[in-house]
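These notes concern the structure reproduced below.
Going in written order, the chains are labelled A, B, C and D, and every chain counts its residues from 1.
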Amino acid sequence: MKVRTIKYIFNEGVKNVYKNRLMSLASISTITASLIIFGIFYLIIANINHNIMKLKEQPEMQVFCNPELDDMGVKLVQNALIRNSNIAEVTMVTKEEAFEKIKEMLDEDADLLEGLDSSFLPVSFIIKLKDIANSGEVVKELKKINGVDKVTYPQKTMEIISKFTNWIHVISIVLTAILLIISVFIISNTIKLTVFARRKEISIMKYIGATNWFIRWPFIVEGILIGFIGAAVSFVISGFFYNRIENRFTQELIQAGTDIITLLKFNEINLPMLVMFMFLGCTVGAFGSIISIRRYLKV
Amino acid sequence: MKVRTIKYIFNEGVKNVYKNRLMSLASISTITASLIIFGIFYLIIANINHNIMKLKEQPEMQVFCNPELDDMGVKLVQNALIRNSNIAEVTMVTKEEAFEKIKEMLDEDADLLEGLDSSFLPVSFIIKLKDIANSGEVVKELKKINGVDKVTYPQKTMEIISKFTNWIHVISIVLTAILLIISVFIISNTIKLTVFARRKEISIMKYIGATNWFIRWPFIVEGILIGFIGAAVSFVISGFFYNRIENRFTQELIQAGTDIITLLKFNEINLPMLVMFMFLGCTVGAFGSIISIRRYLKV
Amino acid sequence: MIEFIKVKKVYPNDVVALNNINVKINKGEFVFLVGQSGSGKSTFLKLILKEEDPTEGTIFVNGYEVSAMKRRDIPYLRRSIGVVFQDFRLLPDKTVYENVAFAMRITEALPKEIRRQVPMALGLVGLSRKANVFPNQLSGGEQQRVAVARAIVNNPSILIADEPTGNLDPETSWEIMKLLVDINNRGTTVVVATHEKSIVDSLKKRVICLDRGTIIRDQQKGTYENEGTHNKIYI
Amino acid sequence: MIEFIKVKKVYPNDVVALNNINVKINKGEFVFLVGQSGSGKSTFLKLILKEEDPTEGTIFVNGYEVSAMKRRDIPYLRRSIGVVFQDFRLLPDKTVYENVAFAMRITEALPKEIRRQVPMALGLVGLSRKANVFPNQLSGGEQQRVAVARAIVNNPSILIADEPTGNLDPETSWEIMKLLVDINNRGTTVVVATHEKSIVDSLKKRVICLDRGTIIRDQQKGTYENEGTHNKIYI
C-alpha cells in the first residue's frame, strides 16, 4: 500500500466521523455510557478491595508471655515476633497496662482488685497479621516461641473475614469480566448498526473495484477514533465525578471521626482505568468495524 | 383510526421485527445487555441494603437495673422495655449470668472473685433497636424508667453505622438512578440507529402521503416488542444466574457457619425487577422510536 | 388544478432551479414537461408535492395554497396526487403488491377495495406475475412500472410522472403512456416530465418547455422541440 | 474480450433471467444490448462484472474465467471495466468530484493523475460546474452523467453502460453516446444496454437483442428493431 493511499485512508476515516456525525455521536455516546458503567463498577470494586485489604489487617492476635518471664525474656519474644514475616504490627501491653484494662472491665467493681498489683498479670503483645488467611499456621509458630504462655485470637472472625474477602475477590473478578463482556458487546453492537446503515456504500465501493482492505481501513480508522473519543470522554467524566464523590465522602468520614473506611484517590487508580478504557474503546471500535463489515464485502 | 388500520399497523410492527432481524437482534441484545447490567446493580444493591438492615440491628444497648431492685421492680423495667416501640428485642441478663461473664472475662484470674456471690451485680437487659438512628433518644427514655441505674451503648459505633447505612442508601439510590439513565440512554441510542438505517423508507412513506402517526405506529409497536423481548430475556438470564450464585453463596456461608451475611432469594425481589425491566424495555422502546423518527418525518 | 404564480426556487447551494414561473394547468389537462437535463422539471414537480418549498411565489394545487399550508395537511395533499418519482422510491422491505397496496392503506381503504384495485393496477403495467417479489429482485424497467402502478392505484385527481419511461423499451413506454392518456381521459389531470421525443411529438398534447429554470415555451398540441416556425409561445 | 459459453442464469426465486447464452464480444467492439424490459440485459452485464454468478456455463472477461476466479481477484477484474450502473450507485457522502476520483483512488493513482483526469471526465459529460456538490443535489440526468464520468475516468479496457441515457434529453443523450463511440474508437470495448431506438438505429453498430433471456438476434451494423426482412440472425 502506497503512502498516498495510507494518507487518503486516514483522511477518509477521520472525515467520515464528521460526515456521519449523527451516527458517530450515537456511537460515541453509547461507548461513553458503557465505559462509564464499567468505570463505576471498576471504581467501586477497587475501593471495596482496598478496604477489604484494610479489614484483613484489623483482627488482632494476642500473645501472652509467661507471667514469670523477665524483661530479657520479653525482649526475646518481642524480637521473635517482629522478625516473623507474617506479622505486620506488634504492640506490647505491659503488666501495668493489663492491670488498668482489667480495672476498666470491672468498672464500678474495681475495688475487688484492691491490694493487688500488676505483677500477677502477664506481659502480652497485640499482633496484626499481614494476611489473616494463614492465622492458624502463625498461631502454631508463635506457640513454639520460648516464654510464650498462650495465644488468643478470634478464630471464627478471622475465618469468616478470610472467606469473605476471598468471595469479594472472586465476585469482583467475575463482575469485572461480565461488565467487560457486556461493554464489548454493546459497543460492537453499536458499531454493527452504524456499519449496517452504510451497507449500500460498502457494496458500491466493492462494485467499482475497491479491495476489501481499501474499504475496511477507513472504517477501522473511524472505529478507533470513535472508540478513542468515547474512552477519553468517559475517562474524564468518571474522573471528575469520582473526585467530587471521593472528596465529599472522605470529609464525611473525617467528620464522623472514623477511618474504618477510606476511599482511594483517583490518581491512585486512574492509570489502569485509562489503559482499560482505551483498550476497550479503540480495540472494540476497530475489530467491531472489521467484523461488522465482513458480510457486506461479499459482493 | 379504523380497526383495519390498527390491525395493519400492529401486523406491520411485528413483521418489521422479523424483516429487519439483523437490526432487531442487535437492538434486542443491546437492550438485554444493558438491562442485565442494570439488573446486576439492582441485585447487588438490594442485597447490600438487606444486609445493612440486619447490620443496623446488631449493636446492642445494655440497660442495668439498680442492683438492689427486687424481682417485681425488674419485671416492671422489662415490661417498660418491651412496650417501647423503638426496641426490637429484649434479652434479660440475670445476676448469675453477669457473674459468669465476669468470671470468663477474668479468665485464669477468676480466683479473685472467690468468696463473692452474684448479689452485688445488677440485673441487666440487652436490647436491640429497630433503628439505631434514634439511639440517643432511646437512651434518654430508658434512663427515665424507674429502677434503671445506667444505660451503656457503643455510641461511636452506632453513630458510624447509622451514618454508614445512610450513605449506602444515598449511594445506592444515586447509582440506580445513574444506571437507569445510562440504560435508557444506550437503549434509545440503539433505537435511534435502527431508525436511522431506515430513514429513507420513512421519507418515502411520507412522500406518498402517509400521516405521521401512520408511519410512527408500526415503529412504536416494533419498539415495544423489541423492548419487551429484551426485558424478558434479560429477566430470565438475570434470574437464572442470580439463583445459581445465591445457592452457591448461601451454601458457602452455611459451611462457614455464619449468618452475618445472607442473600435475598430471587423471588423476594423479582417483582419490582420485572416491573422495572418491562418499564425500561417497553417505554424506552416506544418513546425512543417516537423521538428518533421525528426528524425524518419532516419531509 | 395547478397554478404557479411568480415562483422562484433557489436551492441552498444557490442554484436557481426555477425562476419566475407563471403557469396554470387546468383540471383534466394532459401536460408534457420537457427540457434539458437539469432544466428544473423535477423541481417543478417537487414543488407541486411540497417536497420542496418555493423561495418566492405562490403555488395552488387542488385548492390548497401549497406554499402556506399546514404541515398536518401535507399528507392529504399528497394522497390526492399520484406520483411516479424519477428515482422510483419503492419500499425495499415490501413486495411489489404491498408497495402498491401501501398507497391505499394510508387512506384506510377497505381491504376489499385493495384486493380489487392492486391486482388491476399491476395488470395495467404488465406486472401481475411479479406481485410477490421484492423491488431488488426486479429489473430497472419493472421497478419503474411498479412506481406507475402505485401512482394510479388510488385514482388520484392529479397524476405526476417524472420520467416514467426512462428505463423502458419503446414498446412498453408506449403502453405506459397510453395508460396515462387513458387515465387522463377519465378526468385526471396528468403532468409528465419526459425526454421521449417520439411520444411527445405524436401525442400532440400541451407541452411546457423549461430551459435553465424558465419556461421558454408553452404550447397546446405541442412537440418535443420547437417547430421550424420558431414562434415561441409564452403565457 | 468477453465470451459467454452456454450461460444460464436462474435467480433464487426461480426466475430464468438468461438461458443458453453463447456470445463473443471482441476487443474493440461496440455492442448495443437491446430487448424489452425484463429481458435480461442488466443480468448479462452483471455476469460480466461478477455481480451475479451464472447458474450454468462459463464466462471469460479480459482473460479471467469469471465464473471460477478467486474472490481476491474480483476487484482487479472490476477495475479493468468501467461501469455505468442502471441505478447509478453514486456514493452519497462524497461530492461529484470525489465520486469520480474514487475510481482512481482505489487503483492508487498518482494525485497528479487524479487532478488531471477527473476534471477532464467531468468536462466530457458537461458537469464541470457541479464538481463540488453531492449526488442528492443533482438532477436525475446529472447523476447519470456522473456515473458515466466515473466509468470512463480510468480509461478502462472494457466499458459497460446499463441504460446510460435513460434520464437524459435527446441532445445530451447524443453527446453521451458520441462520447462512448469516441472512447471505443480509442480501443475500448463498449457494451451498452439501451432503449434509445433512434440512437441505435443511426449508429449502425453491432446489436444483440435479448428476448426473455435468450439472444434472438445478433447483428453487425444492426438496428433497434428487427428490420422488415424478418431474417433473424442467430449465432
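Here is the rule we go by: a contact is a pair of C-beta atoms (placed from the backbone, for glycine too) under 8 Å apart; a residue touches a chain by one contact, two chains touch by 3 or more.
All values reported here derive from a predicted model rather than from experimental measurement.
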Checklist entry - Count of steps on the shortest touching-chain route from subunit B to subunit D? => result 2
Next on the checklist: Measuring between Cα centroids, what's the chain most distant from subunit D?
Outcome noted: B
Checklist outcome for this item: Distance between the CA centroids of subunit A and subunit B (whole Å) is 23
Next on the checklist: Using mean CA coordinates as chain centres, what's the gap between subunit C and subunit D in Å?
Outcome noted: 28
Item to check | For subunit A paired with subunit D, centre-to-centre distance based on mean C-alpha positions, whole Å | outcome: 63
Item to check | For subunit C, residues that touch 2 or more chains besides their own | outcome: none
Checklist entry - Residues of subunit B that touch two or more other chains: which are they? => result none
Checklist entry - Looking at which chains touch, is this a line, ring, star, complete or other? => result ring
Item to check | Chain pairs that touch, as defined at the top of this document | outcome: A-B, A-D, B-C, C-D
Checklist entry - What does subunit B use to touch subunit A in their complex? => result 22-23, 26, 29-30, 33-34, 36-37, 40, 102, 105-106, 109, 112-113, 116, 120-121, 156, 159-160, 163-164, 167, 175, 178-179, 182, 185-186, 189-190, 192-194, 196-197, 249, 252, 256-258, 260-261
Checklist entry - What residues on subunit B touch subunit C, complex-wise? => result 1-2, 4-5, 8, 16, 19-20, 201, 204-212, 214, 298-299
Checklist entry - Okay, in this complex, where on subunit D does subunit A touch? => result 49, 51, 71, 75-79, 81, 83, 85, 89-93, 102-103, 105-108, 110-111, 150
Checklist entry - Which subunit C residues qualify as touching subunit D in the complex? => result 11, 13, 15, 34-38, 41-42, 86-87, 133, 137-142, 145, 162-163, 166-173, 195, 197-198, 224
